[in-house]
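For reference, chains read A, B and C in written order, and residue numbers begin at 1 within each chain.
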Amino acid sequence: MDKVLRDRRAIAIFILPALLVFSSVVILPIAFSGYYSLLEWNGAGKSTFIGLSNYLEMFTNPSTYFVKGIVNSALLAGLSVFVQIPLALGLALLISHGIRLEGFFRNVYFIPVIISTTVIGQLWMKIYHPNNGMLNILLTDLGLAALKRNWLADPSISLGAAFFVLIWQYIGYHMLLMYSAIKAIPTSLYEAAEIDGCSKSQLSRHIAIPLIMPMIKVCVTFALIGSLKTFDLIYVLTKGGPIHATEVPTTLMFANIFLNYRYGMGSAMAIFILVECLVLTVFVQRFFKVENYEF
Amino acid sequence: MKRFSKIVALLTVVAMTLTMLGGVALAQEKKTLNVWHLWTTESDANAKSFNIVLKEWQALHPDVDVVIDATENEAYKTKLKTAMAANEVPDVFFAWGGGFAKPFVEAGQVLALDDYLADGTMDRLLGGALDNVTYGGKTYGLTFIQWVGTLYCNKEMFDANGVSIPTTNDELLAAVAAFKAKGIVPITVGAKDGWPAMFFQNVYAVRTAGAQLSNEALSGASSFNAPEFVASAKYLDDLVKAGGFDPGALALTYDEAKMPFLAGQVPMIYQGSWLAGEIQDPTLSQVVDKVVAVNWPSLSDGKGDPNEILGGAIDSLMVSNNASDKELAADFVKYITENMSRESFKLGAGIATWKIDMAGIEVSQLVQNIIDFASKSTGAVLAWDTFLSCEAAERHKSLVQEIFAGQLSPENFALEMSKLQ
Amino acid sequence: MNRTKQNVRKIALYAGLILIALVQLFPLYWLFTFSLKDNMQIFTTNPLGLPNPYRFENFADVLQRGQVASFLLNSLLVTTATIAVSTVLSTMAAYAIARMKWKWSNTALLFFLMGMMIPLHATLVPLFIFLKRTNLYDTPFALILPYVAFAIPMAIYIFVGFFKTIPAEMEEAACLDGMSIYGIFVKIMVPLIRPAIATVAIFTYLSCWNELMFAISFISKPQWKTLTVGIMGMVGMYATNWGALGAGLVVATVPTLIIYLLMSGEIQKSFTTGAIKG
C-alpha cells in the first residue's frame, strides 16, 4: 500500500493538470502585479521603476487611507471568526439532528448566499434608507424614534451597518460547510453516546464539535481570507464612504488602479493583501494543529 | 451523482453546439470596425440618438461590419482602462475629454484627428466644441453635445408653498427655509456618488471666482488657495448648515436621489441638462410640465458674471492609434458625432456642439428654458472632476463630501485643493 | 410536567428557526416584488411592500431585449464547463495532496490556497494581456479558463479536508484486491466524497454565474456575453428602469435556485444512503 501511495508518476499525473492551469492563470498574473508594484505607472504609456516607494507610501501617507482600510478589514475578520462562525456552527448543529423539515431549513438559510451581491446591496440600501427605509420606519413604529440613524450616511456608524450585512449574508455559507461535515460523522458514534445517556448539547460538545474541527478550520480560513479581501458588497453599499469611513484594502486598491490611474500603487496594495492573507493562513494552520480523527 | 454528471455533460454539449453555430453564421469577409461605448439603455437620450445615427451610417457603408460593445458606465471605465493598460483599445471608443483621456493621449494610444478634419469639418463645429479634447494643440476626439448645469424647480410645489423661483442666493436660502419649515427637504442630491455633490461647490465657484479664474486654477495657472474658492466652499457649507439637503444625502446615489424630485416630493435638484428628458417622460416622472429650469442663483458679492454656467462639451468619441483602418474610423467618428449632435439635441440631452439645422426641431418648454439661459452664457466651467487628473478628481470629490458631512472648513478645503495642483 | 416543559422548549425552538427562515427568505421576496414595480415605487412610495400595481411588463421588457436566450445559454455553457473541469482537476490534485505520500504535499496545498488570497482586480490587466496573446479573448475559454483556475483553490482545500477523514482501510482493501491507484481514486475515493463534490459545485456555480468583472472585460462580442453582463447592461448612464433590471435579476436567479435545489437534494441523498459510514 505504502508503495502505491508513493508512486511519483501517479502523483505527477494527479497534480500537474491543476498546477498547470493554476500557475498560468493565477500565479503568473500576480507575479506581474508584483513587478508592477515596483513601478510608478499610470496604466498607460511609460513607467518608472521606483523600488519599494509604493509600499512605503501606502503606510506613511494618510491620504491613501490604507492603514485605516487594514484596520477596518481586521475588524471584519474578527467579527467573522468570533461572531459569524459561532452563529453558523450553532445553526448547523441545531438543524442537523432530529429536526423536522431539516432540508427546508438548510435550504432557506443558504438563500442569502445564492442571491447576487448586487441584489443584496440594493436591498440593504432600501432597508437603511434614511427617510423611507424599513429600519427607521420600524424604529418609529416601536416608539424608538430616538434610535433612528442615517445608517449609511453617518461616518461613525456606517462601518457597523455595512459589516452587519456582510456577516449576515455569509452565515449560511459556513453553516452549509459545517452541516455537511456534521452529516459525515458516522451515526454509530451518536448511537453509542445516546445509549450512554448523553443529552443533545453534550453530544454536540463532546462528539460533533471535536470531530468537525478540520471543517471549522476550513471555515475560519475562508472567513479570514474573505474578510481581508472583501469588496463587492462594500462597493455597492457605501463605495468606501461616507468620507472614507468604510474603506477596506480592496476598495482602495480598486480606486488606485482604475480611478486614480496609480497602477503601481494599486498593485502594491494587492501584493500586501496577498501576503497578509498568507501569513494569517499559516498562523491558522498552526493554531489548529488538530489531529485528523480516524473513525 | 451519476444523473447529475449526465445532466452536466448534456448541457455542455448542447450549449457548445448551439453557440458554435451562432459563431459560424456571423463569420464573414467584411471590414470590421470595433466600437466601444457606454450607452446601454434606451432610457438615455444619447443611446437613442446613437442607435438612430448608427443605422444611417450602416446604410451608407454596407461593406463594413460594425461590432458594438456597450458596457454600463462604471464597468466601462474599468474595461477601457484595462484595454489601455494592455495597449489593446478598439478602433473607436467613447471617452471623456479633460483629465480622463489625458494619460491615454500622452501614452500615444489615441489618434490625432487634425488631418481628417481639414476637409471643412472644422467649419461645421461650434466654437469651444473641441476645447476639452485638444491636448498639446492637437485634436484627439469629437464631441457632440454640451451639457449645462441646471437648477430644476418644481413650479407646482413652489406655488403651493408661496415661494418664488430663486434668482439670487438670498432667495435660494429663503426658499430653503420656507420648505424646511413645512417639513419638505428643499434640495435632493446623491452625495454618495460624489459628483452630484461636487456640482454645488463647482457652481458656487463659478459665481464667486468666475469662469476665467476657475479655469485658470483648474489648469494650474493660479492657486485654489484663494479667497474666491474659500468663499465657494463657504457658500456650500452655509447651504448645508441651513438644511438645504437631506441629512442622509451621503448615503444616497444619484439614482436614489433624483426619485423624490421626479415624484414631486422635493422641489429642487441641481443637475446636468440630461435630466430634462427624464423629467418630461411620463413613464418615469410625475412632474411632467411642472418644472422650470434656471441657471444657478447669483451672489451679491460674486466676481463671476451671473450668466456663466457650469458645463461644457466633454463626452466624445476617439479613434485608437492602432485602428486597422484609421481613415474609416475617423470618418465614422465624424459622421456619428455630427448627426448625434442633432438627434441628442432633439431629445433634450443638451446643447449641440455642431452647427445644426434647427428648422423643424421642436423641444419641450423645459429644454427651451435651458437653451435660453445657456445661450446667454458668457463663460463656462467644466465639472471639476472631468477637468482634473483622475487622482486629483477623486480627492476633490471626497473633499466636497467632507463639506457635506460638516467636517471640513472652507479654508481647509481651499488649502487641500491647492495641494492637488 | 416534564413533558410540557419539553413541548414549550420545542415550540420555542421551532418558532426561532422559522423566524430566522423568514429573515433569510426576505431577500428573495424583495427581489420578486421589486421586479414587478416601477422606479417610483422602488425608490420612494413603496420600496419594500407588495407591488401596487403589478407591472408584469417589466418581464416583457427583459425578454424583448431579444438576446436573453443567448446570454442564458452562454452562462450555462461557461458555468457547466467550469464546474466539470474544475471538479476533475481539483479532486485529482486533492487526492494526491491528502492521501499520497510526498514531501511537498503541504506546501502544494498552501500554494494552491494562495489563489483564494489574490485580489481579483489586480489580475485583470495581466490576464487581459494573457488572453489577447493566446487569442482566447472573446471566446468562451476567456471565461472558462480563469473561472476554473480561481475555482481550483477552494475546491482543493475542501476536498483535502474530506479525503483526510476517509479511513485508510478502504484503500488498503482495494489495493490488496490488486486495484491500481487510478482505480482506487475513481472507483473508491471519489464516490466517497460525493457530498463534498456537490457542495463545492454549488459554490463554484455561484461564483461563476454571478461573476461580472471578468465577464465584462474578457468578452466584447455580443454573441458570447453572459447573462449577468446582459442584465447589468440595463443600467443606464443617467437613467435606469430598475423594475426591468429587477426582472432581469429574477431571470438570472431562477436557474440558480433550481440548480441549488437539485444539488442540495444530491447532498441530502448521499447522507441518507450513508455514503460515508465508519
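Operating definition for what follows: contacts are C-beta pairs under 8 Å (C-beta built on N, C-alpha and C of every residue); 3 or more make two chains touch, one makes a residue touch a chain.
Just so it is clear, the model here is predicted, and its values are computed rather than measured.
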item: Touching subunit A and also subunit B, the following chains; value: C
item: More contacts between chains, B-C or A-C; value: A-C
item: Subunit B and subunit C, separation of their C-alpha mean positions in angstrom; value: 37
item: Inter-chain centre distance, subunit A versus subunit C - centres from mean C-alpha coordinates, in Å; value: 16
item: Multi-partner residues of subunit C (at least 2 other chains); value: 44, 124-125, 232
item: Per-residue overlap in subunit B, given as positions that touch at least 2 other chains; value: 78, 85, 256
item: In subunit A, residues with contacts to at least two other chains; value: 43, 129, 257-258, 263
item: Subunit B to subunit C touching residues, read off their complex; value: 1, 4-5, 8-9, 11-12, 15-16, 18-19, 22-23, 26, 34, 36, 38-41, 43-44, 46-47, 67-73, 75, 78-79, 82-83, 85-86, 88, 90, 254-256, 259-260, 262-263, 265, 272, 274-275, 277-278, 283-284, 286
item: Subunit A residues touching subunit B - in the complex, by the definition given at the top; value: 42-46, 63, 125, 128-131, 150-153, 155, 158, 238-239, 241-244, 255, 257-263
item: Residue ranges of subunit A in contact with subunit C within the complex; value: 1-2, 4-8, 10-11, 13-15, 17-19, 21-22, 24-30, 32-33, 43, 91, 94-95, 99-100, 103-120, 122-123, 126-127, 129, 132-134, 172-173, 176-177, 180-181, 183-184, 186-189, 214-215, 217-218, 221-222, 225, 228-229, 231, 249-250, 253-254, 257-258, 263, 266-267, 269-271, 273-274, 277-278, 281-282, 285, 292-295
item: Subunit C to subunit B touching residues, read off their complex; value: 38-40, 43-45, 70, 73-74, 76-77, 80-81, 83-84, 124-125, 128-129, 132, 140, 191, 194, 197-198, 212-213, 216-217, 220-224, 232-242, 262-263, 266, 270
item: Parts of subunit B lying in touch with subunit A, wherever the complex brings them together; value: 77-78, 81, 84-85, 87, 103-104, 106-109, 185, 191-193, 246-253, 256, 389-391, 394-395, 398, 401-402, 405, 407
